[in-house]
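Listed below are the structures to be examined.
Below, chain A partners chain B and then partners chain C, in two separate complexes.
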Partner chain A sequence: MTLFKHEMKQSKLSLITWTASIGFLMATCVLLFPEMKGEMDSVSDMFASMGSFSAAFGMDRISFGSLDGFYAIECGNILGLGGAFFAAYCAVTILAKEEKDHTAEFLMTHPVSRVSIITEKLAAVLTQIVIMNVLTLAISIGSMYIVGEEIPWKNILLMHLAYFLMQLEIGGICFGISAFVRRGGIGIGLGIAVMMYFLNIVANISDKAEFVKYITPFGFSDGADIITNGEIDALMVCIGMALGIAGIIAAYIKYTKKDINP
Partner chain B sequence: MKAIETKGLTKFYGKARGITDLELAVEEGELFGFIGPNGAGKSTTIRILTGLIKSSGGSASIFGKDVSGKKDEILEDIGYLPSEAVFYNGMKVKDVIKLSADLRKRDCSAEAATLCDRLQLDTEKKVEELSFGNRKKVGIVCALQHNPKLCILDEPTSGLDPLMQREFFDILREKNRSGMTVFLSSHVLSEIQRNCTRAAIIREGRLIACDSVESLAKTSAKRVTVHGDVFLGGLTDVRDVQHFEGGVNFLYGGDIKELLTVLAAGRVIDLSIAEPDLEEIFMHYYQDEPQDMAALKGGEQNDTL
Partner chain C sequence: MLRIEHLTKQYGEKKAVDDLSLHIKPGEIYGFIGHNGAGKTTTIKACCGILPFDSGEVYIGGKSIKESPLGCKSMLAYIPDNPDLYDFMTGIQYLNFVADIFGVSASRREELIHLYADTFELTEDLAQPISAYSHGMKQKLAIISALIHEPKLIIMDEPFVGLDPKASHLLKEIMRKICHEGGAIFFSTHVLEVAEKLCDQIAIIKGGRLIKSGTMEEVKGDESLESVFLELEENHG
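On to the complex of A and B.
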């Protein structure tokens, strides 16, 4: 528990910054919704008829004029991309930073087994992701109350659940990477998040690339799909979780054997 | 029981040599010195002992427990001071010391306070604001506050001023008297000569000598300084000849009688014949050709020095 507490203290500032930034952007979008809603009836048609661009963000399938449709596109992109970056950043640095910052020699010469180091650090990553998601959800719901809209609970919660799962997958994969790299991990982590995001856009644009949705976690967390289907695609989630778990297992295998370079 | 024992310990980093066939035995309660220049393999050895890296061959054990086994059990008994102590930025000194104790699941606050006081360490400062020497002090407190059975120190005095060095060695000796084994790695020989009972010399990854500090320093070679004019041509085994204004200085390993004959024939104003210090012996271990090294290892120091 000592290391877990230590990690949480160390990442307090980063957690606050990310949560505040994502929460602020999401709240801003929701607060703008009533103003935009009136204009949306006309704009919706326009948004829906921009061909590939509309398809890319799922705007051909859902209405910009309803709160959940609006939320899926605006906030979905903020929490989707922001959350993915956050999860990637937390996970990809957590193991690697000890060697990068030369603190590994201090930490690893204490009587703590490698397995407990990995476990406590993993717990710290997951806890940060949970806290960030709970707080941003609370901020979103709060701002929906403020603007006095009726809250489409089911769709909102489903979307948030999907984003959370997506972050777990990216977190798991990046945690695995963190065990292998000493420096440069942040670039790889954020790169993976961006690549996954664009893979989903490609899948949305082209029917031939539809299968790509099964690779990227943005596939099952696509707000437009969730609202249209009223559910999260279970198969995609299973594949995603399997990838995340594979990353975590890889971290355990690698890091318990790794030569630490102080 | 041996505090540290390695048998044929070998480490390669890819193809690069770390250490080769290292045989080391440190008895419990010893103050043991580990001497070698940078890159000789001192830190590699220490990193294998502390479980940071895995050996490529051979074995190493601490208090009879193999280091490839349960690291956390072995590390319970060890205090370790790295050559460059680095801590988590943003933390205060007292928090780092507390973290170190917490990671050991022990309350060492009393001992930590005593050590901080003796080393004059300001515990309210942030670690990134500390000078190199003060960071070292934090490392020393972290290495000693839990009264370990074995303390491994890698270049412990770099950055410490002479007064602090003395205080530090006083602390080490006190703890050693109450049972702590000390394994001190250093390239400062005077430090080892003053503070250690036994020492091992490592060169290019190999152990080239391991004996009591006294015997390491005691060879038949003498450092001879002559003021005046002497002709050294007739002498065998004269080395490291340095002429200075009005005299000459050399290492002599031959027969003392011959030396006296040569000196008597010359014009000697002043003369000193002294035991070379460990520093000099050390330099010779390192300047010698590899075949000399092999001879040294075979215990034929007298002939070659």
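On to the complex of A and C.
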């Protein structure tokens, strides 16, 4: 547990910053909803008729005038992209940084096995993702109470669950990448998150590219789909979790055998 | 305490360490000298489990570093020539982190941290972040972190680099004390005068190969270590 506590301590400021930023933006959106609600019907009609732009962000399928519809689009993009960036950032550097910062030598000379190193660092990544999601959910729910709107619990909780699972997948994949790279990991991790986001936009725009939703975790965490269908697509989640787990397994295999350059 | 048997480490075509065998017994201070690029650091890192090696074996306290790496590392402390520490930590946080890894009890670690921090005059700086430390202060902190878990074997790579004269003197005293109490020390150095005064045994390495080893008297006889070293370097050129 020593390494886990060390990682959590090291990441404390980063976790607070990301959580506060994402939470603040989501709270701002929710707090603005009552002001915008009156105009939402006309805005919703306008957004729904903007062709591919509407389809890209799911605005052709849900109403901007309802709290869950507004939340899915506005807060969904914040937590979706922001959460993906956060998970990628946490995971992609956590193994590689010991080589980059030349502290690998410290770890290698102490009675800590590589499996323990990987496991405790993975636990630190997962814990940070859990904490960020719990706090942002609490901030969102708190904001909804403040504005006095009736909370569409099922849709809100489903969306948050989907974003959480999406972050787990991206975190798992980036954790695997962290075992292979020595530097430049942040660019790769954030690049993967952005690419996954845009793949979902492409899938939303083009019927021919709909299969791409099975590749990107933004496919099963698309707020518009969740509200429309009333559920998260289980097959997409299973594929996503399998990819995340594959990343974690790759990390174990690579890191335990890697010739680490202190 | 440390037995190196036919150690070979190759990088591509080049043998950084070539069939090296050494035996360091409990109670010994063993010096390891050689020119730049001779293979000293490679040997040391292989002994500590940082670098894998191509053939041979390293035993620490009778345990193989390959088969029982955690068992070996629990008996060992390594002090590099240029310690890379966690800059975001304070000195005391770093020492507690190391003590946690080795399972040192709270009371014992407090006692030893006070002892060694006072000895090296680092007590007042322990609350500062390591990022604010000079090289010498980092070296002192690395030494303290090596001592607080009371290892049986200490391996050091040019430990006197960056230390002020007082700290160097204190380190030598501590090294003698550790060996007197049954520990062993294996260290590399370019400062031949220090090796001459401090070491019980010495090994000279060149081009990855051991060219001379034995007690200080056996290696240097009536001459100075410096002249013996230079002569051996020429003869094995």
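Structure notes:
Simple rule for what comes next: the second predicted complex is superposed on the first by the 262 of 262 C-alpha atoms of A that agree within 3 Å, B and C clash if a C-alpha of one lies under 4 Å from a C-alpha of the other, contacts with A are read in each partner's own complex, and residues count from 1 in each chain.
Keep in mind that, in the parts below, contacts are C-beta pairs under 8 Å (C-beta built on N, C-alpha and C of every residue); 3 or more make two chains touch, one makes a residue touch a chain.
Just so it is clear, the model here is predicted, and its values are computed rather than measured.
Per the definitions stated earlier, placing chain B and chain C onto a shared chain A by superposition produces a clash between them. In the superposed three-chain model, the partner touching more residues of chain A is B, compared with the other of chain B and chain C.
In the superposition on chain A, contact of A:S113 is made with both chain B and chain C. After overlaying the two complexes on the shared chain, residue contacts for A:K154 are found with neither chain B nor chain C. Legend: residue contacts after superposition of the two complexes on their common chain; A:R183 is shown touching neither chain B nor chain C. When both structures are laid over each other on chain A, chain C collides with chain B only at 76-84; the other stretches in 76-84, 220-228, 238-246 or 256-264 stay clear.
Comparing the two interfaces of chain A, the one with chain B and the one with chain C have residues 2, 6, 10, 101-103, 105-106, 108-113, 259-260, 262 in common. Interface residues of chain A, counted against chain C in their complex, comprise 2, 5-6, 10, 101-103, 105-106, 108-113, 259-260, 262.
Note for the complex: chain C touches chain A at residues 45, 48-50, 52, 69-71, 73-74, 76-78, 80, 84-88, 97-98, 100-102.
Partner chain B is touched in their complex by these residues of chain A: 2-3, 6, 10, 101-114, 116, 257, 259-260, 262. Considering their complex, residues 47, 50-54, 70-76, 78, 80, 82, 84-90, 99-100, 102-105, 142 of chain B touch chain A.
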